[in-house]
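Heads up, there are several structures right after this.
Both complexes below contain chain A, partnered by chain B and then by chain C.
Entry: the complex of A and B
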């Protein structure tokens, strides 16, 4: 509850700083201060178990420990995002304070999603996250690609919201309540109306997390949106959509697990295959990362498929590992004018520290041991194995992880085994280098001690 | 009137909306079709709210069952209004750049 209120207030504050503060670095610092404040409030709520505000939400919002840990991971990722890409957010628009304000409003929506107990709050939370994102995707107003990305994202996003609302309505018609607990109690037998509602909600959630066959908007939107905001969309917002997916299907539709399990298995299989195989053929690193985010979504779908204790813990680890690694790569990509693989040629000779950090991030995405990505993938597979009789999916997932090594290592090969071709050598500030080192250290710490996150729940 | 009539009507409206989104090429019309989908949902929510209320009212005449769906409708209206402001702004921004709202223009990203 703390996070929702403070981020909304801080968002309003950020809007007004645009009037009074002219220096962009100061605005960046105010935003970082806001995130630090949010983290402190959130940790306080986690430790004391009490919110600073007592608001009667009629049981529609309740932040469990799981939700608070998820919120903490999101806030720390956002802090890393601000530290790594703060200067690029400043450069993205005429008034960076507005962009920061939108990001804080998104965080407020994330707070709602983290604790929803009623379908009304799910709908509101997802919309509060989505609407500012449409604006961020189109923030480069004169660039046609950014316009196109914003329009596509907007049309697809509101279309999937329409599907979700119809699903919610049909479920309400059958069970007579919007509360997750009441729905769970009322859903023991599948009637046609429930089945239709469940399918519509499943389709719309698959849209939001960009799982196949509803992934087609993702590459275009991620490619067209300004790179700074692509990195936000591909990491933090994707984690939020997955959290909502898991929370909804666990707490509301858990009793019908046997009925929708096979459908989710097919979606996970398609997502893994399409994401990984298409990523192999991409020439642009930005587009490759878009497909890689679809491929990683396939792995995260395994958690929704199995819904056991390993799945829930592993998914949080996955959020942390995936978000931090992807943010690191995007932060470097933003600085490059050219987004093709060749732009990375010889980076290890010109900027060894940056190249090493990108290397760690890429290894983590590929799931190499000693990085966060390894344990994240391990827990996903473990969760499915515990469920039993889906071994074909586990085998495919492992093979897909092997395929993913090819396209991640192409960037590594360009960095380490090719001669620098860039005539303009990239200049990185020493602060940025330190941030990249911290980023890489975080990935390795999570890879050696995943208990840091797992023991919290 | 039985609830089936309402379900049939809103499913019809909803399907018209979906077909419109999938087949039309004009961004404004696609947008109107999305609004149609949302309004079909609103209609069905109110109908279900009345249905659940009538069922609960027979047992207890001070019941509030069903009111939450009416509140949901208000939230849908508010969110739809917020979406309209952002969506129309995006369409106007696009129109300024390409002087058209035809989404066939928007296939530059595919390569």
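Entry: the complex of A and C
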């Protein structure tokens, strides 16, 4: 609850700073201060178990420990995002305070999603997250691709939200309630109406997390949007969508698990195959990362599929590992004019520290041991094995992980084994280098000792 | 007991790990070399000290287990039993000699080169010592990553493709191993990854069958066993020779070792069920690799194929699950490491001075480098398993076990001994004797440290050849434990 209110207030504050503060660095600092404040409030709520505000939400919002840990991961990722890409947010639009304000409003929506106990709140939260995102995607107004991305994102997003609303209506019609608990109690036997509602909600959630076959918008939007916001969409927003997916299907539709399980298994299989195989053929790192985000979504789908304790713990770990690693790569990519793989040629010689950090991020995405990505994938596989009788899916997932090595390692090969071809050497500030080092260290700490996150839940 | 004493096995992990990380920060090539020598020497000392405590109950052989991931029940479990000590000794000796031998200025960015080598060593020790499946898996990968970078940064012209192939092969194999590990972990009810708890699982035959293959493919790729060997000649040819040396002398033993430590004890039913068919394929592989070796013109490729043949024989020895064969395999794992290291060093000397790896362009080197030629002849004779060399004892015991298993397999696989004589002696003849090429007139003989390295290797070849008993004393109990489920 703290997070919702403080981020909304801070968002308004950020809007007005644009009038009084001219220095972009100061605006950046104010935003970072806001995130730090949010983290502190969130930790306070986690430890004391009480919100600073007592608001009667009629039981529609309740932040469990799981939700608070999730929020904490999101807030820390956002902090890393501000630290790594702050200067690029400043450069993205005419008034960076507006952009920061939008991000804080998104965080407010994330706070709602983290604690929804009613479908209304789910809808509200997702909309609060989505609408500022459409604006961010189109924030590079003079760029046609950015405009196209924003429009595409908006159309697809509203279409999927429409599907969700229809699904919610059908479920409400059947169970007579918006509350998750009541729905769960009412959904023990599958009737056609429930099935239709469930299917619509499933499709719309698949849209939001860009799972196949609802993934088509992802590469275009990720590619077209300003890189600095692609980074935000591909990591933090994706995690939120997955959290909502898990929370909804666990707490509202958990009783029908056996009925929708196979459908989700097929979606996971398709997502894994399409994401990984298409990523192999990409020449641009930005587009490759878009497909990689689909591929990683395939792995995260395994958690939705299995819904056991490993799945829930592992998904949080996955959010942290995947977000931090992807943010690190994007932060470097933003600073490059050229997004092709060749742009990375010889980076280890011109910028060894940056190359090392990107290397750690890539190894984590590929799921190599001693990085966060390994334990994330490990938990996903374990969760499915726990369910039994889905070994075919596990084997496919493992093969896909092997395929993913190919496209992640192409960047590594370019950085380490090829000679520099860029005539213009990239300049990175020393602050940025330190941030990249911290990013890499975070990944390795999570890879050596994932208990840091797991013991919280 | 003092904490430091209890943590004795863990020293083998920490020393190279710390040395490797430290090396990244060194500026000077000579410093990095000294650093690598110091850390590999100290780990060699640790191994040597552990050899003196062969008593079964001694504290140095105790398993150690540190709390690591309590929430998933994985402990950082290490052991220094007979198997491990044999392999740790090989690792320690080989790395120490390699570090002595490489001139500091040989590779640019020497600090990174030595750092990655030390990290590889750390990974290898970890693989050999782990008693916890998750830790084993972590080290298995940890040994692979630095080697991949070593070979890809400092390797030959086609290095990127060749080493990537190597990486992908190994990685795919290890992923299936991970699946099998997770499956068994799930069967322990999420309680433990330890070898002991896996050992007590009582998997049904059909479970064992696929679990066996999940592990076996990972190990077979690493060895490599025919027909999964295709990554090897290319990777060996393209890697810088010191890396190739480490790969073929120590790293391929990870596969054999994995068979001994994990596959034999855990899946007895599957081993009994599949061993005949795998042995047949492997014997075909041995003969095939030997025949290919005969027709190789590149020294590095020749040694690579010879290695495939020898490793194949050891794999057969393991799958017969006879005590004598398995003991022979363990001894031979050590011997082969020493012998092939000697061969690679010779290849390295020649390549470093002349830049030539084609046998047809070499000749008459014995006149320019008589000392090198003597060592080469001894190493080659050991490679052919001549009596009184170390390999004779190992191969003799393996063949003894294979013969007990099936005489036809023994006869067929025995062809490889004849073939190995053909290609090895041919190589000596064409490289060291015969007509001298004009391009080689400036070839200088070995001296100083290089002689020392060869003396150590030769001494090991002959010592083990004359008196292998200490080795058997060291590991025969451990081998007995591995084969418990086969003897009842």
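Just so it is clear, the second predicted complex is superposed on the first by the 457 of 457 C-alpha atoms of A that agree within 3 Å, B and C clash if a C-alpha of one lies under 4 Å from a C-alpha of the other, contacts with A are read in each partner's own complex, and residues count from 1 in each chain.
Quick note on the criterion: a contact is a pair of C-beta atoms (placed from the backbone, for glycine too) under 8 Å apart; a residue touches a chain by one contact, two chains touch by 3 or more.
All of these numbers come straight from a predicted model, not from anything done at the bench.
*Asks:* Is A:368 contacted by the first partner chain B, the second partner chain C, both or neither?
*Replies:* Second partner only, chain C.
*Asks:* For the three-chain arrangement built by superposition, which of chain B and chain C touches the greater number of chain A residues?
*Replies:* Answer, by number of touched residues of chain A: B.
*Asks:* So, A:169: does it touch chain B (first), chain C (second), both, or neither?
*Replies:* First partner only.
*Asks:* On the A-aligned overlay, A:451 touches which partner chain: chain B = first, chain C = second, or both, or neither?
*Replies:* A:451: touches chain C, not chain B.
*Asks:* Should A:401 be classified as contacting the first partner (chain B), the second (chain C), both, or neither?
*Replies:* Touch status of A:401: second partner only.
*Asks:* Mind pulling up the chain B residues that touch chain A in the complex?
*Replies:* On the chain B side, the touching residues are 3, 7, 14, 17, 21, 27, 30-31, 34, 37-38, 40-41, 44-45, 48, 51-52, 65, 68-69, 71-72, 75-76, 79, 82-83, 86-87, 89-91, 93-94, 97-98, 103, 106, 108-110.
*Asks:* For chain A, which residues are in contact with chain C within the complex?
*Replies:* 363, 368-370, 378, 381-382, 385-386, 394-395, 398-399, 401-402, 405-406, 409, 413, 416-418, 449-451, 454-455
*Asks:* Please name which positions on chain A make contact with chain B in the complex.
*Replies:* Spelled out, the residues of chain A in touch with chain B are 120, 123-124, 127, 131, 134-135, 138, 141-142, 144-145, 147-152, 154-155, 158-159, 161-163, 165-166, 169-170, 172-173, 176-178, 219-220, 223-224.
*Asks:* Touching residues of chain C toward chain A in the complex: what are they?
*Replies:* 69-72, 137-138, 141-142, 145, 149, 152-153, 159-160, 164, 167-168, 171-172, 175-176, 178-179, 182-183, 185-186
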